[in-house]
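Data block below; observations after.
Should a chain be cited, it is by its letter among A, B, C and D, assigned in written order, with residues numbered from 1 in that chain.
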Amino acid sequence: MLRQIEGSRAVAETVALCRPEVVCAYPISPQTHIIEAVGAMVKEGLLSPCEFINVESEFAAMSVSIGASAAGARTYTATASQGLLFMIEAVYNAAGLGLPIVMTLANRAIGAPINIWNDHSDAMAVRDSGWIQLFAETNQEAADLHVQAFRLAEELSVPVMVCMDGFILTHAVEGVDMLEQSVVDGFLPPYEPRQVLDPDDPVSIGAMVGPEAFEEVRYLAHLRQMDALVRIPAIAKAFEEVTGRASGGLLRSYRTEDADTIVVALGSVLGTIKDAVDIRRDAGERVGVVGITSFRPFPREAVREALSKASRIIVIEKAFSIGFGGVLATDVALVVQGSNSKVFSVVAGLGGRAITRRSLEDLLAQSARGDLKSLTFLDLDGAAVDRERTRMANTRRSGPSAENLLRDVGTEHAASKVKS
Amino acid sequence: MTRQPVRFYQVGSFAVGNRLLDDEDRTVQSNPNRTNSIDSGHRACQGCGEVLGARYALDAAMRASNGQLVAVNATGCLEVFSTPYPETSWRIAWLHSLFGNAPAVATGVAAAMRVKGKSEVRVVAQAGDGGTVDIGFGCLSGMFERNDDVLFICYDNQGYMNTGVQRSAATPPAARTATTVTAGPEPGNVFGQGKDLPRIAMAHDIPYVATATVADLHDLEQKVERAMEIHGARYLHVLVPCPLGWGSASNETIHIARLAKETGLFPVFEAEHGTVTAVSPIRRRTPVEEYLKLQRRYAHLFGQTPRPDIVARLQEIADENIARYGLITNDSEDSVSTGVTA
Amino acid sequence: METPFAITLDAGTSRANHTGSWRIERPLYVDRLPPCNNACPAGEDIQGWLYEAESGNYEAAWRKLVEVNPLPAVMGRICFHPCETACNRVQVDDAVGINAVERFLGDLAIEHGWTLPATALDTGKRILVVGAGPAGLSATYHLRRLGHQVRLVDSAEQLGGMMRYGIPAYRLPRATLDAEIARIVDVGVEVVVGHAVRDIEAERRAGKFDAVFLAVGAQIGKRVDIPAGDSSKVIDAVSFLHQVAQGDPPLLGRRVAVYGGGDTALDAARTARRLGATDAVIIYRRNRERMPAHGEELEQALGEGVTMRWLSTVDRFEDGRLVLETMRLGDQGSPEPTGEYEELDADALLLALGQDTDLSLLEGAHDVVVNDGVVEVQPTMMTGEDGVFAGGDAVPADRTATVAVGHGKRAARGIDAYVMGTALESAPKHELATFDTLNTWYYTDAPRTQRPELERIRRQTNFEEVVGGLTEENALFEARRCLSCGNCFECDNCYGVCPDNAVIKLGAGQRYQFDFDFCKGCGICVKECPCGAITMVPERI
Amino acid sequence: MFQIRIHGRGGQGVVTAAELLSVAAFAEGRHAQAFPSFGSERMGAPVVSFCRIDDREIRTREPVMVPDALIIQDVTLLHQVDLFSGLSSEGYVLVNSSKSFDELGLGEFLRTFHSERLLTCPATEFALEHLGRPLPNAALLGGFAALTHQITLDALDRALRDRFDGVVGERNAVAAAAAFQYVIEQEEGLVRASPN
């Protein structure tokens, strides 16, 4: 049923339809609405049987999830940002143990400076942990991906992280076609663990593995993700068959058929990008978009195929590897190497900075002119940066940059207000 | 709960077995069909106290749960020496995740068992002192506070032995470790630091807290049994001497654990809902020197420049324990757990 | 369950890892010699029979006991139990009441009519045993068990020797003695009483005996020359006790003095009290610490009103008055006269100054060596004369019934070897289970059960038994106080304390076995064995 | 696409107002998107929320920078926040106040705007009257419906009753209707007055 609903609520209700048996909660913005809603459903008896556990940290949340999953329960939790980093040791552990936990990551920047707004730094920090990472473009997709995530995780015994942009999606109220319980039940079979803690058939889970087998263990994990490259589209197709809705998959292309410039991005910014692309198309540019849903495993072949005809590839992403550049851009560049296409890395929307259609249009125009640099920071306040650089050069005790910048920007803002 | 003493049955109340007792009055360890939760072939040091403590506790828990037990293990010696690929020494369902998260993982297992309708399956989490009082403390406190249905057992060997004997918050004053060397005016670990986890556990008001040593098997098994009768968060703190870390002879493990209790340095008691309900009285009061001299980690107190002043301070700690818990009783030559009035 | 590679492992697979290779020393189960066994003159396996008694298996305990000593009810009364003196439990609290348990078992056997074990097949060898005291009876029993024919000869009218004629009935009821002697005779012994052997060689030839055992005892009381008036009654204590035993007590008067410091002196004084003496005074030249009599006996005597004159010698006895010289102890502890005198009124003086052996029957046996009034013997108990063995009070040793029982057994084995032409092999003696080999933590402290004593007043006037027996409950309790020094009693400690599960429990009575595939040689089992029955030995290189 | 920006203070229901608008639009078969100005503002701090209404799918996720309508819940914000940023003279302005724009000192600034798209509405007074609490949301939205015709009163009524249970829903609906009626009457007054 189509409902006008907050993204968090849509995800929470969809997760509940997946009949999780253990859910752990630790509050951190912007995922709190999800976990609050699941908790309420458990308390109200709408989701049963389910153990809802208020833990003392994200580290505990993932740890409880590990125990529950190893004991054979379908397990769910959600986190964001610092929370993900606080649980990172357990995040790796869950993947290493092959436990099919599903976690929502309400993407948010990582401090310092502390920042509660959206970007993808958190997801990128656990890129190599062994979790499957799926990025949702809309709240509809966010909801749908959770159903697919449980099936994928449990088929492969790999944990799955559904990434949805914090606030931008989690707090947005928009139309979501909510699934029926019977549809979910038909799509998602009961969890049949590959290994389980059973007193009647005891095994030791979590052995110490030395050099003689560690590489093989890791390679097997890699192979499971390679299997996922097959299973993700298959599951999306199966999902489409029962819901009539195309959600998930490895990636989705938009107006790329004849495009010589293709923008590549993850998550909700794709909508704004599409609007900008439409406008540039109207202006006669051959521009398209590829939205990547499955960031890990990274669909090399599908990406290469989707980008094969483009000469210019602009990777816009809400994260970057300090000291190098875009993270997604690096992956894309590696995939298309050897072709004639050039990859441009655009870092945008860090710490919640709005990525506006206007800026994107300008970016595309710049690209069309051939002025785009290989690494661009969208809407960067160069003047503020320069002032801080100067200050740092002039005095040793220049103070903290974040506070200095805030002071500068605030002054500027106040000045502009006076003008208006 | 008091244990019936076995007076005058040749070996009295302390030996592992007693052919003169009825089967049900014998220890789990005396039973040829005991679980051997942790089996031969493990790579613990000669004379390891921790593996003994683990087998004692888990075999008792296995009996108490009719074999329906899952154990969660923190990283540490016990984990490393028991499960190096491709062999495990565990005969029970066992899970290792991380160093600091055993209580939370156990919470998860217990929740899963409950939601799966397997209420008969009981969950034990175990860790060394580092995994308990230091890195695992946050998760442990959370597990206590939620009163999750987990028995947490700390095998306290008073330091990070797995990593080569470093100080933990359970390392006693004056003890030498790799990070509390015997230099300076106060050699070894400093006085006035450290966590008394049993008391912290009691402050959580959980239903059951107890301490024990590997030297009194009957007491240890009885406490496990009592703990297993209760649902909710339970804490058992077992002193397990470490020949490597303490610099003691491998055959002295049990003897040293016994002296830790008999000196008063390690009070053995049990508490329910935050109140001490019983103590194991000191049977043969022993000066701390006798305990300390068996361990090279205290050798600097007795060497060419002996430090009787430091020994005296350690004796003070023992005396304070004795006073706090009432460890000297009228029949202190008769170490039966005695109820105390709180 | 098909488990994921490497991170998940099948239960208990570490048994493939044989940690026994770590070992540089290995534990070894041993049987050490318990101090009680070591001290027992009769050679009893005390720890062994207590082990059976501990589990309430009294018949098995008794059977183990009579493997060595056929007179447990007797010994349980009159033995001065050096086993208890040696008992390691003394250092924990108080010795195990071994003697009392022995008596309990002996009495229980009489009550139930348990019979001694069957004898071996007849060897056709004939042995003459001279003297039916404890040595003779013991030798007879053991010889019969070995299948030899025995003629037991005694000059008295009844069997028992000093047990019958020297030990007062209040210490050894005659019914008990009779029952245990009868049980020995019942295994098939040719008994000749009232026959004094005059010439041992002649008797041996006449009877075509393959060997002879002399157990003639020391029946002659030593006399010293004490000036005494005609009316002064001076009797040797041995004769006095013998007469009392025969039911013909001499008249002593109301004031009786006994001269001597041994057990016979105490027996005589206590017997005199029972015969009506109001004063029974023991005169001894040393002090209490140096008195050879057993402390327990002295306590009982004092309790019965016997009084002591320490550091005194009898100078003369005239007209119902003893003149005593006061002594003092010299540097070496020997009494020295002081020249000071005092007097003591007495109607009779009993001399308890030791006994001599009548060896006149050996005159024809030229090779027998007699030295200082007793017969020299080899470890097999054979004298210098081929086929002639001797034991008991007639050979150099402590003159106690228990020693005599031991001699009887040892002589029987010596005789057996001699007549069968085999070599006598003695089992290697185990290392002593000293107190320091024990881990006493495991033994709870328990006081010794005190044998109930008859009220003193009763015991002063008759010859009823003074020391009562244990009830079954007490006997069991007492048996269970045994520390089982040096011998495994299956406490499961080694099985329980092994960090490597490397001790295999073989089942009740079967003890344990080390699993050297896994034993790392830590030695905790050795340290925590209560009874010191495990030792560490270097690993074979 | 019609884009609305709502200004208010934390605790006044700014976010709920945007959501209710979107729900009402959705109920009438339109696409709608509501979202807050994501922040960690506490009670009393100035906050902003957004709503977009369109007849086709709304893909953009950028904040509303060029609003078609402004709803100002709290006049005390007028001189603290850049409320009118991006608003063209074609835009709608609805202010919760019993005072006129002139009285609020905005007369000059709004002179170039269409007067029939500007309105002050004493929503807090409606709220006090019908809800008994100074929560102007429902009344403002009623006023908004009447002013812009982007949503119907009927759809708003259902959204309010859906969002708030029982009596509270009823009272909110009544407050909204009252404000709606007030605005209609004001507009009629304006229409009547305009010939002058």
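Rule of thumb we're sticking to: contacts are C-beta pairs under 8 Å (C-beta built on N, C-alpha and C of every residue); 3 or more make two chains touch, one makes a residue touch a chain.
All figures in this text were calculated on a predicted structure; none of them were measured in a lab.
Colleague: Going by CA means, which chain is nearest the middle of everything shown?
Modeller: Taking the mean of all protein C-alpha atoms as reference, the closest chain is B.
Colleague: Decide which interface, A-C or A-D, involves more C-beta pairs in contact, and give its chain pair.
Modeller: Contact tally favours A-D.
Colleague: So what's the Cα centroid distance for chain C and chain D, whole Å?
Modeller: Here chain C and chain D have centroids separated by 114 Å.
Colleague: Distance between chain A and chain D based on Cα centroids, please, to the nearest Å.
Modeller: Roughly 34 Å, centre to centre.
Colleague: Please tell me the distance, in whole Å, between the geometric centres of chain B and chain D computed from their C-alpha atoms.
Modeller: Between these chains, centre-to-centre, one finds 66 Å.
Colleague: When the C-alpha atoms of chain A and chain C are each averaged to a single point, how far apart are the two points in Å?
Modeller: Centres of chain A and chain C (C-alpha means) sit 92 Å apart.
Colleague: What are the residues of chain B that contact at least two other chains?
Modeller: 82-83, 85-86, 88, 90-92
Colleague: Name the residues of chain A that each touch 2 or more other chains.
Modeller: Within chain A, residues 97, 198, 201-207, 209, 213 contact more than one other chain.
Colleague: Output every touching chain pair, sorted by label.
Modeller: Result for touching pairs of chains: A-B, A-C, A-D, B-C.
Colleague: State the interface residues of chain D toward chain A in the complex, per the touch definition above.
Modeller: Contact set of chain D toward chain A: 15, 18-19, 22-23, 26-27, 31-36, 38-40, 58-63, 65, 82, 84-85.
Colleague: Where on chain C is chain A touching in the complex?
Modeller: Against chain A, the touching part of chain C is residues 1-11.
Colleague: Which of the residues in chain A end up touching chain C in this complex?
Modeller: Listed in rising order, the residues of chain A that touch chain C are 96-98, 157, 194-196, 198, 201-207, 209, 213-214, 216-217, 220.
Colleague: Over in the complex, which chain B residues touch chain A? Could you list them?
Modeller: Spelled out, the residues of chain B in touch with chain A are 65, 67-70, 72-73, 79-80, 82-86, 88, 90-98, 100-101, 104-117, 121, 138-139, 141-142, 145-146, 148.
Colleague: Quick one: in the complex, what on chain A touches chain B?
Modeller: Per the touch definition, chain A meets chain B at residues 21-22, 24, 49-51, 53-57, 59-61, 63-73, 75, 89-90, 93, 97, 197-210, 212-213.
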